[in-house]
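Chain naming follows the written order as A, B, C, D, E and F, and within any one chain the residues start at number 1.
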């Protein structure tokens, strides 16, 4: 269960409110790179772990709680930046380019739906969706999802940081950058604890590579470790690339290149659909029902 | 630009059609772990790269084209599995548990909207959404997005593989497993080519760690490399964990633990909203307008 | 900021796992009536309140934290119910109606995407969306949103409760029913504290009713307190209804009925779109360009 | 069945077209607070009522038809405001801040997708979604959904009203404000007709409170009527609040406060997932397969 | 404005309720082929038409009102089919394959969220979205959108019709089939009135074909009327096809075939992104910062 | 399977980058009228066709590959237009209307999420959704979906074309206009090959019109070919319209008009919901449980 303290994890001050920056900050709340996503991702990963994984359950849940505190900080930053937002389209105002520009930079629903408050949406105003929350049951896969989330999250924070020279906002973003630095390292540390790249890959490691090799073409063509070229031009640039030669990164094979992939399969032969689908017209229907004649007539008429 | 060959990249056969398996296969077409997602992810990553990154543009685009071929294979597999799907709710059928069970396992729209064909949806019937497509502009972040996509993708393929004993489906899934093996290695190889974990992290490496340290609390508390405990219980289990001590994985700091995080900020003080928001009632409004009296009267009446 | 305790707010036990019930429980996690919605709704309502509303900020935030604990409980309940879920479509299994029926009742992604864990989705497998989160800035409107959320939430809990006779699940649902009872009362109590129905309505009370009366037809037709009949049949059933006569509930008017509403406006006259929209063909285009002749020819040909 | 008259329910005039205001008006068409939502909500509530509720079926359906007329009015207002919208990005125009500002305030799809017409979307351009439509089957819960919809709807209308000084738009918005006043009262009147707060709460009243009290902790801790404090700070501000003491609003209990909630449950014990989920690696897998050694080697190499 | 009559446009009877059929019927309510979509499509097309198009405004609006009556009929059909739906997962029931199968065929939210009523969702339970509503401003394009909607709508009705032998449902579906027959003809009739295929195509006809011919390659290669072969195999099957030879259907050109399309453009040269994007690492960054050395070291360590 | 050439299908140059135009171009990538939609639509239509339809499978697949090349071209155009996009909200910049206006015209995520690259979203920033992809199984219905997609697509291209005077962008858009001209003709040509309007309509033609006539009212009222007037005003404008008299366009009936449609059905009689739905309160519940008295008491208290 959860507890809260009304005070913020880290100070949030805004020296000069900027409603356009409020809009951009929303990406860090409700965007795919944002804090609601990692909060829910860490919680759901934690909640699905059995007792043998208790240590990670505990750790994920604590970092989830930290992230919830980040959502609170960012919501505060948005509300503070909305102070003085323009909500005026009266005739005089509408003709002033500065006012018009200000309105263009704002999210309409910050005023219309939230009365100048933060919302669980991204910088385009799209509501947060849990569709992005990855909790696959496989801890190694989940850790990569977390490294990725914190990498795009820190990239987002860096981009926001360079947009502003507001001292309060810079301070808050530096804190968030620092925590993203830690969290990238934290999930990489779990990957190491679990055995590292060679132990874990290909994920899931619990299905043996031999299973793949039972497919007729897989072993014969080294399809597990070959770069498959589908370009029509020569690609000399790939000679000596890390992904076309040398030992595979997982240490279980040797990279190679299939220089010009050819189809191994045939043109597919699907069953003719039954009449219950009403998938006709089919050419045979046309023939059967005399539609061909009708068609010809229509064609003649149109020419 | 793109070309196609009507033949499949790899043979797709179904020995015993199973409309329920068709539903499960849809996850590999339109799901977040599926092939449309990686196809579009690799293409958009490629299309945003400048000439200096030409090698990766070429490589990403070729693998994108390979993935489009996987979508085609899986669509074929779905259509083949739908042969003979039940579309009968007539009285007699409706009372047969076997028919009812069959219908319960199917996606209604496979029949209603597609006439027994594949759709760009997941196993719950939700349309593919490009919201998941990650092309952040930062190649290192993108590579983690790709490792993650192929890790959850291979986990999905493994789960589908264990559900079926249809020889054709097993053969196809073995091929897809093998290609996911390669692709995990392929993206890890790029991470290596770009300098590996120590060179790339924290992502983006182009914002110097010193920027973070300008925030007053960050350096003093080692907030860049400290695990922040937010649990209310003692967490002895974290002593000696890879993420609480020793050198950080990026080689740029030393892990530590903040045993019990306390708020560094205060209770936030937001501005009072202007009348134009109609955010009242506020307690002061209640006082001003005599609402308090009305409130008391209503309270008396209800008690 | 937030803290967590690994222990659950209330015990969650499952005596006989039932993967179909796991699916139904998801509605209480990620559905519009579910706990993620109220958690986020209370948090965002709190985070947008100024210092004068500190008491409600504190209260909303604490109940938000309580709701997060409910999400955790329900996620645990889902994971426990998924024990032993069928993941087998092998030939023999596929022909057993009991196995087929079991699969039909499950959410495919519980296995495919979560490895038998809970997800932030509803009972149809749709991801939670923050589109439903109401934090309007107007506390009175928000309290109705909360009463409504807890009313549909308790109705959902009651429906789930009658589906199961599992003692563990019944115990957990009784707890959630009880908390919904409290929360309905809690938000109604705030409505009372704010002055009750007469003080608050029409929401927002800060725009005076006189503003409405400035519209030419409003005062003359009592459009503020009249039921507007748009039915073509006589509706004697409405005579004496609470909403057609007597004092209005907000105490500021008298109900009446407009027995047969007639249009007060005209047929709208929109501007002709400029050529830049390419909104043609318009009848005049047809005339100008001689299309009418072409049309006649095509018509002749087809008859 | 339904009929229509080409004339509008209320006059809609625009004196000075303003494409930015057209965008803001869209919130009242396709937004969660908008008219399509209430129209569909009232219709679906009506269509699910049995003969014993005929009076409400009739009433809901008539007000649904009224709301459809509001959608028509607002669509007209949008189209009229789009007259003269800028669609020019040619070089000269692109450098004029006034033109640029105008474009920034507009919805691109008003021009691109609708040729300067209204769309069933909100002010961010998001399509209307029926996900918000509440028709729960429980009439009391539905009436709260309706009060809430009309409260946020009237708040939206008030916000739009203060943005504009166009006489035509002000007149139309006054009409909509007046109708929202009536509809708030109308749904509150039904709540009264159904017995009022004490009769209806906790919703659904048809599950007796005794059911809740069968849970071991509920009766002993008064969990039905206790405010559960989850804050870590003292909360003296709650002493004497309407929601912590005195009779509950539903008249069936006495409010109290649990000053510092403690977990009643334990750390959850989930089953270990079966191998078919490929949820490994788990610590025991690492041990079994010798992955620990591999891990150590990788760790050494990296340090 | 709109009026309603409580009676249905056409009788709706269900002889044997079938909750699985209720689910399938939802596709005709909230699906992309369904009645809410056409209702809203016809209304928004109508509401955006200027006075010169009054006749079509009137006609579209009347057919929109007819479609709203179809939604009402289908909602009634769903509610009637839900009578007796299984809502029991108690132990005994859970083990009965017939009960389990029944539950598998139902939409959980028909019970959980609607108390056995109809919802504005499709057969997968996805809420209706106005994203599909096409009102482009160009009447010719809109008419094709309407023909298409009624064509997929009638195909859906035919599929539903063949699933059931319930006399009441068959009667209702025959009516809907008949109306779709009329509506297909109705929109085709407008296409004819507007001048027919030759007058209208290419849509929009108001941008002259000469504009296209100003592009350097267009006229020289007949890109306006050439089938562009992008297949790698010979495609003799296209010789003599209607789309590779003879006069174009719009009567303004001659069909031809580009047998093997070659790129007319070059490899794109995008600008290098500025540092503010944090899009690095780029190869030159690697070189500059000595990352290459780090990379080599990491590579050595891993091999 | 698929191949790619790094060169573009047609040259893409931008003379003067314009980030606002980049936003507008996104509609042609990820919008409902855009190229990802047609690409996926043609592919899924192709992939569901049986051997008897091989010719169309091949043709659809080749045009799908062509469309993928258009996505690539447009993504390139977006990236080129984003050169020099403003990403500065620093104090000085924030007060410059020109900078503010520029930011207002841009999509925030072009910078925040993509580092100045193209995204699979529309001009409002909404991710592409495959919900629009129509592959119904019925080839005639699908061809109308394709004509419609290319008609709205070409309208979009024309609107974009008139916005810009950038020579490079004009050249590219002329190419896309030309290809849309061909594709409209291509799908119309298939309609002709399949027999034309008279042979195909009403779609699906494989359900005989006699089926409809088995419904009691259909034949007697000519419901298959009658325009159903639901307007309350006289509609003389429809006399002699193509859709109210003369032979139907499909050549199988005679148009007529039902001048004033009256309900053929009754007020629906739904079953009373069982107690398990908790759908009470119902009037009879109020009576039974003495709620009426409570209600009266509450009413008295409030008056």
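Assume contacts are C-beta pairs under 8 Å (C-beta built on N, C-alpha and C of every residue); 3 or more make two chains touch, one makes a residue touch a chain.
No experiment lies behind these values; they were computed from the predicted model shown.
Subunit B maps onto subunit E through a rotation of 120 degrees [Cα fit, steps of 5, range 0 to 180].
Centroid to centroid, with C-alpha atoms defining each point, subunit E and subunit F lie 6 Å apart. Distance from the subunit C centre to the subunit E centre is 26 Å, each centre being the mean of its Cα atoms. With centres taken as mean Cα positions, subunit E sits 26 Å from subunit D. For subunit C, the set of residues touching two or more other chains reads 1-9, 32-33, 47-48, 54, 58, 61-62, 65-66, 69, 76, 79, 87, 97, 100-101, 103-105, 111, 113, 115-116, 124, 126, 129, 131, 136-138, 140, 152, 155, 158-159, 162, 192-193, 197, 204, 206-207, 230-232, 249, 261, 263, 267-268, 270-271, 273, 276-279, 298, 302. Chain contacts in this assembly form a complete graph, since each chain touches every other chain. Those residues of subunit D that touch subunit C in the shared complex are 3, 5-12, 32-33, 54-55, 58-59, 61-63, 65-66, 69, 73, 76, 79-80, 83, 87, 111, 115-116, 129, 131-132, 134, 136-138, 140-141, 144-145, 147-148, 151-152, 154-155, 158, 161, 170-171, 174-175, 177-182, 184-186, 188-190, 192-193, 197, 201-204, 206-207, 209, 211-218, 223-232, 235, 237-238, 241-243, 248-250, 253, 255, 261, 263-268, 270-271, 273-274, 276-279. On subunit A, the positions that touch subunit F within their shared complex are 16, 18, 20-21, 23-24, 27, 31-33, 97-98, 100-105, 122-124, 126, 152, 155-156, 159-160, 162-166, 230-233, 261, 263, 267-273, 275, 277-286, 291-292, 294-295, 297-299, 302. Contact residues of subunit C toward subunit A in the complex are 1-9, 30, 36, 40, 43-44, 47-48, 57-58, 61-62, 64-66, 68-69, 71-72, 75-76, 79, 113-121, 127-131, 133, 135-138, 298, 301-302.
If you check the complex, the residues on subunit B that touch subunit E are 1-6, 47-54, 87-91, 94, 97, 100-101, 103-105, 107-109, 111-113, 115, 124-126, 137-140, 192-200, 204-207. Listing the residues of subunit E that touch subunit A in their complex gives 155, 158-159, 162, 197, 247, 249, 276-278, 302-303.
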